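Take a look at the structures listed below.
Two complexes, one shared chain (chain A), two partners (chain B, chain C).
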Partner chain A sequence: MTTYHFRSDADVKDTLRQFIIRSINLPELADDDDLFESGLVTSLFAIQLMTFIEKTYGIEVDSDDLDIDNFRSLNSASAFVLKKSTANAS
Partner chain B sequence: MNIKRVAVIGVGNIGIGAMTDLVLHGIEAVGIDVTEGALRRAEEAIMRNVRFAPAISKSVPKLPKTRVQELMTLSTDLTRAASCEFIIENVTENWEVKKSLYERLDAIVPEGVCFGVNTSCISITQVGAVTRRPQDIIGIHLMNPVYMKPTVEVIRGFHTAARTLETLRTLFRQLGKQAILVEDLPGFVSNRISHLFMNEAVFVLQDQVATAEQIDAIFKQCFGHTMGPLETADLIGLDTVMRSLDVLYESYHDSKYRCCPLLRKLVHAGHLGRKSGKGFYNYPEI
Partner chain C sequence: MSRYLPHWLDDVHRTRYAEFQDFVRSNVEPFAADWEREQALPQMALLQIAATGYLGASLPREHGGRAWDIVTFGLLNEAFGRGSPSLTSVITVQAMAAMAILRWGTKEQKSTWLPRLSNGKLIAAFALTEPNAGSALHSLTTTYTRDSLGDYLRLNGVKRWITCAQIAGIFLVFGKLDERPIACIVPRDAPGLTIEPIRELMGFRAAGLATLTFRDVAVPLSNMVGKPGFGLSHVAPIGLHFGRISTACHALGMLRGCVEDSADHAARRKVGDQQVGQFGMIRTLLARMATDLHAATLLCLQACRSADDGATDAFEDALAAKYFTSRAAVRAASDAVQTRGAAGCHESSAASRYYTNAKITEIIEGTTQIHEELLGKMIMARSGMIPNPRRAGQ
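This part shows the complex of A and B:
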């Protein structure tokens, strides 16, 4: 029997928010804060974030996903994780 | 004529970045380090960087894994450098380690091959003096992330030949980089100034004038810097910053370069910054 772990948008955002806040020493991060445009993170951190998402959620950021817009904010990163998790489960 | 194969000696953070840059530009990269563990970490990081880099920069090609494997070689055997057309050296900022390495490289690598010395503070002329090819030695101060930096501080040693500079310019053209050429005194431009910032920031923290977060926030929010001095020190590695300050102090005998005791204490405690998970800040494991 295959067991699928349900991931909610709120759970994913909470996990990613904690990771980002701890990594770049932010006091807070809103769901729609633009990480890159605001200069909150460096390009090095973008790679750390993609690595964290792959390892935490067991999904692969493949060639077609290599668009920084997928990781621009908590809203977009969570949507990406949920979309890839659904694709993996189906 | 283009350069086809480059040796990268020392595959820590900067070496990994240099190898990533070479591979992304279709140049064969031969990475050499002293332990298998370092090579494994480097391989994983280079594969990850090459895979994710196109998300950060549209101009970076999406390379299949097989192509990356074709272009990348990792070894503990220094003699693999003998077949390379240019050497980039990034070993630890320790004169005894560099001296011993350059003596060996000089004997292994054919005459006329240029050595790019990647150092924070050690004099390029001093490196040249331990080889039979001081004219072929040039300083290249690579910074993180190497493959995203379009400009590099380049240092001309006392004996560096015009031909050597031209060879480096050829490599940089292939990598899409430009050089800012400066003269050789320890610390050059960047580190002679930046390490004063970082060291004084640690003194300010030690004196409890402000928290680490406040110090960095003033640099980012008031000066408009991308990163604050303590975050930068964590990224470079506190041990590297401490060693660089020691080299600057030893070179100039000027008290302005004396290493802050708190910085030395953190290094002795194993708090080396991002690479150890703890420095002025804590970093989550990935």
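This part shows the complex of A and C:
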């Protein structure tokens, strides 16, 4: 598992953006674009994104983290990764 | 599968696979036809498989499981799939419920249920399908409502075609709470739950399918797995993912059975003074089946390995493996009957059993058409065919 110990909001957003754009081939993705608006992604995308976050950042998403606001946009997903990383490190 | 095992499988995988095949040859295949005829798995078969620890194959040791990787889980399902569709179904649904609880359950839920699922003292069933919501999962009409006492939910609804429901001690039941999908663990002895066996299926006849009716069943809030709103987006996909891997490998076992049975017949049976295998038309059928087996083996093991790696593509790989292998098993079963001729139409032939059971692997854990829809949508999405997103809050 790849674990990045030093990360910034910009780095995380860039990595997540690349994954999302590769998955759904968007020409561009703004930081506050809603990923779960109807028709944008498949029903499996939510769990694919979660799997990517876990594998890339070495964090475990548990049932307490099940909040759509943690994954709704690049802004929220990046904030979630940084929050979990900080919690793991402390 | 053995002829087509890829080079990267290590000795541990190969040794365990040989152990699974030995178990199936001794304890499963000689009796499987009787189980299907009697439409029930005997207690002895369930005790035997429980004693091996196979029902907790991929659960961690801390929960009493064998902690085997998913490749080994796939090999287990392949070996059992060759022998008995119904007993393999127990492995399938046990994994579906257990892996969903392992992924999203609370510490208490895991410590309460997983050890007993691992040692087979308890069988679980995955209660998702409804009379009017098979493939259309978002049409679930089963409801949970908050009980005035506060610590309970009230469950009402009907679930149909639930595999292993006749023998299960707990059910992972999907429904909606305030229109938000949830999943809860419901014990078999919960007052208000009735279980009506479904008999006379064309295949999987001993897999204990049943209709479940819930009338004001009290479910402790502490039995909720995950959170409201995530039952279909996060809990069900984990179960279905392992269900698809299991079913793909199950179909692979049937496919291998078709190849082996047909090749054996072609080598031994004579028509006039010629072996059946000397006819080009039979060799064509064998070539088709064996090539499908080869391709399906690689797809199934790739799906298992992706799951082991936690790969983002794991879900798509499982869909592709199940989609291809279940259809290949149906084709092979048809060709196996054709190879045998009239003898293949009799219940006593393995080919006839593969023929009636293979089709069911195209239905369970998502129909072929649902797999096409999902895989097609994934391909479309990568091609940029999905509308642009709206801004959050708009």
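As a working rule, the second predicted complex is superposed on the first by the 84 of 90 C-alpha atoms of A that agree within 3 Å, B and C clash if a C-alpha of one lies under 4 Å from a C-alpha of the other, contacts with A are read in each partner's own complex, and residues count from 1 in each chain.
The rule is short, and it goes like this: a contact is a pair of C-beta atoms (placed from the backbone, for glycine too) under 8 Å apart; a residue touches a chain by one contact, two chains touch by 3 or more.
Quick caveat, the model's predicted, so the values are computed rather than measured.
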item: Side-by-side fit of chain B and chain C on chain A, or clash; value: clash
item: First (chain B), second (chain C), both or neither touched by A:Ala10; value: neither
item: Between chain B and chain C, more extensive residue contact with chain A; value: C
item: Partner chain(s) touched by A:Ser63 [first = chain B, second = chain C, both, neither]; value: both
item: Chain B versus chain C as contact partner of A:Ser43, first or second or both or neither; value: both
item: Partner chain(s) touched by A:Thr51 [first = chain B, second = chain C, both, neither]; value: both
item: Partner chain in contact with A:Ser73 - chain B first, chain C second, else both or neither; value: second
item: Chain B versus chain C as contact partner of A:Asp34, first or second or both or neither; value: second
item: Chain C region in steric overlap with chain B, selected from 8-16, 260-268 or 332-340; value: 332-340
item: Doubly contacted residues of chain A, that is, touched by chain B and again by chain C; value: 19, 22-23, 25, 39, 42-44, 46-48, 50-52, 55, 63, 66-68
item: Chain A residues touching chain C - in the complex, by the definition given at the top; value: 1, 19, 22-27, 29-30, 32-35, 37, 39-44, 46-48, 50-52, 54-55, 62-63, 66-68, 72-73
item: Complex contacts: residues of chain B adjacent to chain A; value: 48-49, 51-57, 62, 144-145, 148, 213, 216, 226-227, 231, 235, 281-284, 286
item: Touching residues (chain side chain A, partner chain B) in the complex; value: 19, 22-23, 25, 39, 42-44, 46-48, 50-52, 55, 61, 63, 65-68, 70-71
item: Chain A-facing residues of chain C, complex; value: 104-106, 225-227, 229-230, 232-234, 237-238, 310-312, 314-316, 374, 377-378, 381-384, 386-394
